[in-house]
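Here chain A shows up in two complexes: once beside chain B, once beside chain C.
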Partner chain A sequence: MSMARPYTRPVPRTWWLRKSNYLHYMLRELTCVLIGAWSGWLVFGLVALARGAAAWQQFVTGLTSTAGIVFQVAVLVGALYHSATWFALAPRTMPLRLGGRRVPAVWITLGHYLAAALVAVVLLFLGVI
Partner chain B sequence: MTERTVRIEVLRYRPETDERPEWQGYDVPCREDWVVLDALNYIKDHLDGTLSYRWSCHMAVCGSCGLMVEGEPKLGCKTFLRDYGERVRVEPLENLAIERDLIVDMSDFGDKLAAVQPYLMPRGTPPDGETYRQTPAQLDRFRQYSMCINCLLCYAACPQVGLNPGYIGPAALALAHRYDLDSRDAGHDRRAEVTASEQGVWECTFVGECSEVCPKSVDPAGAIQQMKLACSLDYVLHPLRKGEAS
Partner chain C sequence: MARSHKPLLWLPFAAGGTIAALLLPGLLLFTLLASLGVLPADALSYSRVSALASHWIGAVVLFIVLTSMLWHAAHRLRMTIQDLGARTPPARQWVARTCYGLAAVGTLILLIALAGVS
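Up next is the complex of A and B:
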């Protein structure tokens, strides 16, 4: 007679608190909420712009209020954390080769930082103009 | 050689008598060069012959002695006790059903491994007298992913495996990637029926811990992300290829 009676241990709801790597992963995923909220806020701004000067002024007032500034700083910190973690992971998703050799991981990560810096400079330049 | 006594606490489960797993402690006189597996062998030989666990090669090749040591997935044969304190907790691998004591049920993994068809499916046979040829650069594309020893540490480290038992999982997907990258293989589309399915690569949320615990540096997390990219390209390019075929 078979004695097989496998026991399956349940996964606790707090599994993500058990290891620092799991916690960092959850934080990385959580930053998406902030970035999503920011995207929604931008859409709201576009709607305000379309509705006229009064609505736009109200939106700008919201942006420069204490709550608005706290929100934007939180979004900035979240976006930076999100970007840094993904740039660090990028070499594993795109193992580039040049001349038959693997491009070192650090080059790929640095390439992402350079591209981000370039985009930021271009956007700032466009904003100034 | 110096000796010290280490309290080895083992999560035991005897299906014929136990309702659930329970801890049992053993005081083991350990030498400085002992690994966890040596302590388990000492317990089996001198203290309690009923303790069950898997092992074979004792040199990180067979992949049999995967365990949780102090909550981390490890190979028992390459985890030195000198790196731990006077009490070491040893459990069966997480996210897998316990068969008995430290032995987990691997049948589900075996089914998943078979499902991804991890073997060469060449376009045709080479002409008489010829062999399959592969350059070192072609070999280098997949070699890393062929180093897996099926120890299942990656399954124990992956929260998605625990939360979704249907998920094909890191090792099987990495092995599928190994064959997809092989210049001699033409089985990508057949494997994609499983690897690109709802239980395939899209269940992975890139926690990345599978690669952290891999004792052979296979990097299943990297393999799965690359497969996601390949799946997405397939999805976009498939209608164009269909157009070419007609």
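Up next is the complex of A and C:
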């Protein structure tokens, strides 16, 4: 084994500003910050739930505050961008064969959109009943 | 050939990405409309949400959904910070420990919270 240090090509930290493709890639990857923050916030909500009705009510009040609404709108925008890019890639990450034939990419992507829409409808229905 | 432990990471990454993509737009729409008072007032009531979280099926679903999204975000954030310039081995190790450490702490708190919901 060679003891020489492997050569790493210098890359400027701002490489992702050079092309719009790179910028879109970076924005897509950074949606994970919103997804992680929202998941952490929901864990915090379950802690409040475990502490009792008063703590839970405080958590809900936080959601309904202006900051809570702004946070949720930001997470929704990030989530939509994540969904759109994830579904666009789905035919390549999860190729599907039915009866020995490749399912066309458009169908796979559309199927994911339909599933996401169905989830939204079911959730909203559960909120209304 | 050296064995890789990467597949162990890819599963929660892919599962978390898919769950987030399918679930989050609807969930955020739900919480936003509930927060704005468009949905009935008891949509996020203590009795409804605790009934969901205290049932074992609800608890298992919440655990799978939240942990997979936490670990998905942790893995993606780790890779993004590396892309943004954390390239030396010590920096990479620190970034990995911090990201996965946060996800692990979140998982632990989630378990304790779910066990405490009645």
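FYI, the second predicted complex is superposed on the first by the 118 of 129 C-alpha atoms of A that agree within 3 Å, B and C clash if a C-alpha of one lies under 4 Å from a C-alpha of the other, contacts with A are read in each partner's own complex, and residues count from 1 in each chain.
Basically, a contact is a pair of C-beta atoms (placed from the backbone, for glycine too) under 8 Å apart; a residue touches a chain by one contact, two chains touch by 3 or more.
Note that the structure is predicted; figures quoted are calculated from it, not measured.
When both complexes are overlaid on chain A, the residue A:E29 reaches chain B and chain C alike.
Of the two partner chains, chain B is the only one touched by A:K19; chain C is not. When both complexes are overlaid on chain A, the residue A:F71 reaches neither chain B nor chain C. Contacts of A:W41 after superposition on the shared chain: neither chain B nor chain C is touched.
Contact with chain C, but none with chain B, is seen for A:A120 once the two complexes are overlaid on the shared chain. In the superposed model, A:Y81 makes contact with neither chain B nor chain C. In the superposed model, A:T93 lies in contact with both chain B and chain C. With both structures placed on the common chain, the touch criterion links A:R5 to chain B but leaves chain C unconnected.
In the superposed model, C is the one of chain B and chain C that contacts more residues of chain A. In the superposition on chain A, the residues of chain A contacted by chain B and by chain C overlap at 8, 11, 16, 29, 93. Every residue of chain A that touches chain C in the complex is listed here, in rising order: 8, 11, 13, 16, 26, 29-30, 32-33, 35-36, 38-40, 42-43, 46-47, 49-51, 53, 56-57, 60, 63-64, 68-69, 72-73, 75-76, 79-80, 82-83, 86-87, 93, 112, 115-117, 119-124, 127-128. Residues 14, 17-18, 20-37, 39-40, 43-44, 46, 49-50, 53, 62, 66, 69-70, 72-74, 76-77, 79-80, 83-85, 87, 102, 106, 109-110, 112-118 of chain C are the ones that touch chain A when the two sit in their complex. Put simply, chain A touches chain B in their complex at residues 3-9, 11, 15-16, 18-19, 21-22, 25, 29, 89, 92-95, 100, 102.
Chain B meets chain A in the complex at residues 13, 15-16, 20-21, 71, 94-95, 97-100, 105, 137, 140, 159, 162-163, 205-209, 211-212, 219, 221-222, 225-226, 228-229.
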